[in-house]
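You will see two complexes here that share subunit A, one where it goes with subunit B and one where it goes with subunit C.
Presenting the complex of A and B:
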């Protein structure tokens, strides 16, 4: 595969697009450099001058547009660090498709560290999709460390769906948010680890605005000898509602830890946390096996349903 | 009230006995000294020679006996530290009533630090009741820091009910347990804080034995400006079942934090945690108020039910 094809193949895997879109904003970053960019009438992408990365400026009132900003790495020995800032104008309602794919057939590790900040103006709305993927048979590791910070002004909504299905040897995900009056944050995280992979996720949400809310759902599957740690910190400083949920399936020698923290700093803060870790229930397997599936197939079907 | 009456009044408040029992084992500790003791045929209490405290020896097969070991403090300026070790023989099934009452009308603080270790032999069973209480209008604080360690051998069961209802200015409770094959630990904790009180509880349970289990339920009410922190660490190293639940009601400017941690170190470990913090639901209050209660009465009734 030549370099362009490999880049577009990885872009496709993390962004669900098979080619560069004819219209609409996008920025493709490959091996630490911007390689393709397009603006739209409402969304402008500007290269930062003080550090690596881009500013994504979404005009107030922009509706229904999608921006693609995937980052890919095509070989070993890359240590990519990028700062992407998203400025979402008032009343805008947009979808942002990020994601990172690392192809490493070499013996040296490759890192992608993406630090994303979201500034959501009043009543704006963002659907943020982030997919992480690794491939390649080199001994060099595929390491992806995303950091996400959300500053949500009055009445704004951020929905964040992150998925890591395969091939990432090590990840440390840090997400932070501060929610003003009526702001809403919905996070869905799905992680599957296998082999000797490790994954750590950490959420830090402060509800400082009246009627703000946060729903955080993490689903993880740890197979083989992989290890996962889930941390969350959710604090309510005023009338607000927070809910966090962490469900982990362990298989083989997988290990999952959950360390959630909830702090009600105000009498009108309502906070709930739930966590459950265990293997697939025997009854579920048997039920599917009586329908004709092998144990392996039944397991796969349950895992797929769990991470869907 | 003379000293003996005050001691017995405090003993009664934390142990639910109005006088020294005519038969059965007990040890009353007052202001740092043993003041009354009785052994039974099956239960021997021995003063430690290397440090303050006692060894409570329960013979194998002892059934249905109750041991009372309350500790009380009657004035300010006391700093009591005591080590009590309980050796529960095989197949024994006993009730242990501990508890600490601090009466402080002075301007100096009084502390009680009780370090209790339980060695449960095979198939033994303990019901452990612990009540903490403070009173007195002095500016000196009433501080109770209990530490409990449980070593539960094969097939043994420990049920621990701890209650702190009133008058304890500051408490740090640390409980640790290691559970062998088939051992079972059930902990119920109830804490109410008011004024400027602080309460911290911490549980550390390691399930190293096959088919061991732990159920941990904490219910807390934080009124006025009081602050509570709940921490738990529950690890399953083999086939086991752990469940922890922390429910907090906040009132006025009360603050409650919950930091539970669950770690499944084995594919056959099943661990669940739940936590919920919030104020009393409006509907519940309204329902009771339509039955003729004032808001205050309705609140009290709900709190009493919650901590019952």
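Presenting the complex of A and C:
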């Protein structure tokens, strides 16, 4: 596979596009460099001058557009650090597809550290899709450490779906948010680790605005000897609603730790945390087996559904 | 035809749950198993589905010994089992389960058809996850719909009426009446409900791990309704088993 094909193959795996979009904004980053870019009438992508990365400017009122900003690494020995800032104009409603794919058949590690900041203006709305994936049979590790910061102004909404299913040896994921009046944050995280992989996720959400809300769901599966840590810090400084939920399935020698912290600084702050970690329930396996599935098929069905 | 021959099931602590059960379920028969709580009815159903392995005895389907078949293989030869306590799944939708049960990817329309049969407005349910957001009654009806989707030659329902409200119960009876009329397979229902007993071809009373009595509805049903005697009992030679 030549370099372009490998890049596009990885792009396809993390962003579900098989080719560069004919219309709409995108920026493809490969091995630490921007390799392809397109702006749209409403979305402009500008290279930062003070550090590596881009600013993504979405005009106020932009509706229904999707911008793709995947980053890929095609070999070992890459240490990529990128700062991407998203400025979402008032009343805009857009989808942002990010994600990172690392192909490493070499003996040196490859890192991708993506630091994304979102500035959501009043009443804007963002659907942010992020998929992380690793492949390659080299002894070098595939390491992805994303950081996401959200500054949500009055009435804005950020929905973030983040998925890591395969091949990432180590990840430290940090997400932070501050929510103003009526702002809403929904985060859905799905992670599966296997082998000796490790995954740490950390959420830090401050609800400083009246009637702001946060709904955070993390579903994880830890197989083989992999280890996962889930930390969440959720603070309500006023009348607000926060809910965090951590569900973990452990298999083989997998380990999942859940460390939640919820702080209500106001009598009208309503905060809930739920956590459940355990192996697949025997009754779930039996039920699916009574439908004709083998035990192995039932197990896969349960996990695929859980992480769907 | 399903035959149970001298089936015994004893727990590791020595407690006998089922004692020398002989029972035959004929093709297209509608059999209702009833009897006191703790008498072994659910264990018997699980044993037929392969969830529980008998300590001794034989299970035959059309003369073939299926005692050693596991749950999956029992399912694949046409035995379905609706749980008394339906199982919840995070991330698996009602349509997923109905599709697995029917062995093919069901369209929304097809999946809704099964849900409608159990009195649920399909469109409101079909893409929902089978999780804690469902009430107990809704889950029971979905469980029954899943059993219907399997279109098995033997369908076992463990107390389908449990947790279902009165209004839904009328629909439930209609579902079973319809199944009976269709004559597409044998049905075994564990139930205490008079209206279900009243549509049975055969009623079997299980008490204290034994077949206490069995016979046609016309023979057994009046006995069940008779004064004082809950269960005329074979194990105590015609006396009342309480």
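The rule we apply is simple: the second predicted complex is superposed on the first by the 308 of 308 C-alpha atoms of A that agree within 3 Å, B and C clash if a C-alpha of one lies under 4 Å from a C-alpha of the other, contacts with A are read in each partner's own complex, and residues count from 1 in each chain.
Keep this in mind: a residue touches a chain if its C-beta (ideal position, glycine included) is under 8 Å from a C-beta of that chain, and two chains touch if they have at least 3 such contacts.
The structure displayed is predicted, hence computed values, not measured ones.
Asks: With the two complexes overlaid on their shared chain, look at subunit A and say whether subunit B and subunit C clash or fit.
Replies: Superposition check on subunit A shows subunit B and subunit C fit without a clash.
Asks: Which partner does A:292 reach: the first (subunit B), the second (subunit C), both, or neither?
Replies: second
Asks: Figure out whether A:274 sits in contact with subunit B (first) or subunit C (second), or with both, or with neither.
Replies: first
Asks: Count the residues of subunit A touched by subunit B and by subunit C, then name the partner with the higher count.
Replies: Larger number of subunit A residues touched: B.
Asks: Once both structures sit on top of one another, what is the angle subunit B-subunit A-subunit C taken between CA centres, to the nearest 10 degrees?
Replies: About 70 degrees between subunit B and subunit C, seen from subunit A.
Asks: Looking at the overlay, does A:219 come into contact with subunit B only (first), subunit C only (second), both, or neither?
Replies: Touch partner of A:219: subunit C, not subunit B.
Asks: Considering only the touch criterion stated at the top, classify A:307 as touching first (subunit B), second (subunit C), both, or neither.
Replies: A:307 sits against subunit C, while subunit B stays out of touch.
Asks: Counting only touches as set out at the top, which of subunit B and subunit C does A:284 meet: first, second, both, neither?
Replies: second
Asks: Once superposed, minimum distance in angstrom between C-alpha atoms of subunit B and those of subunit C?
Replies: Here the least C-alpha separation of subunit B and subunit C stands at 15 Å.
Asks: Considering the complex alone, what residue numbers of subunit C touch subunit A?
Replies: The contact residues of subunit C facing subunit A are 49, 51, 70-72, 74-76, 80-81, 83, 86-87, 89-93, 96-97, 100-101, 103, 146, 150.
Asks: So in the complex, the part of subunit B that touches subunit A is made up of which residues?
Replies: It comes out as residues 248, 250-279.
Asks: Which part of subunit A faces subunit C closely enough to touch in the complex?
Replies: 219, 247, 281, 283-284, 286-295, 301-302, 304-308
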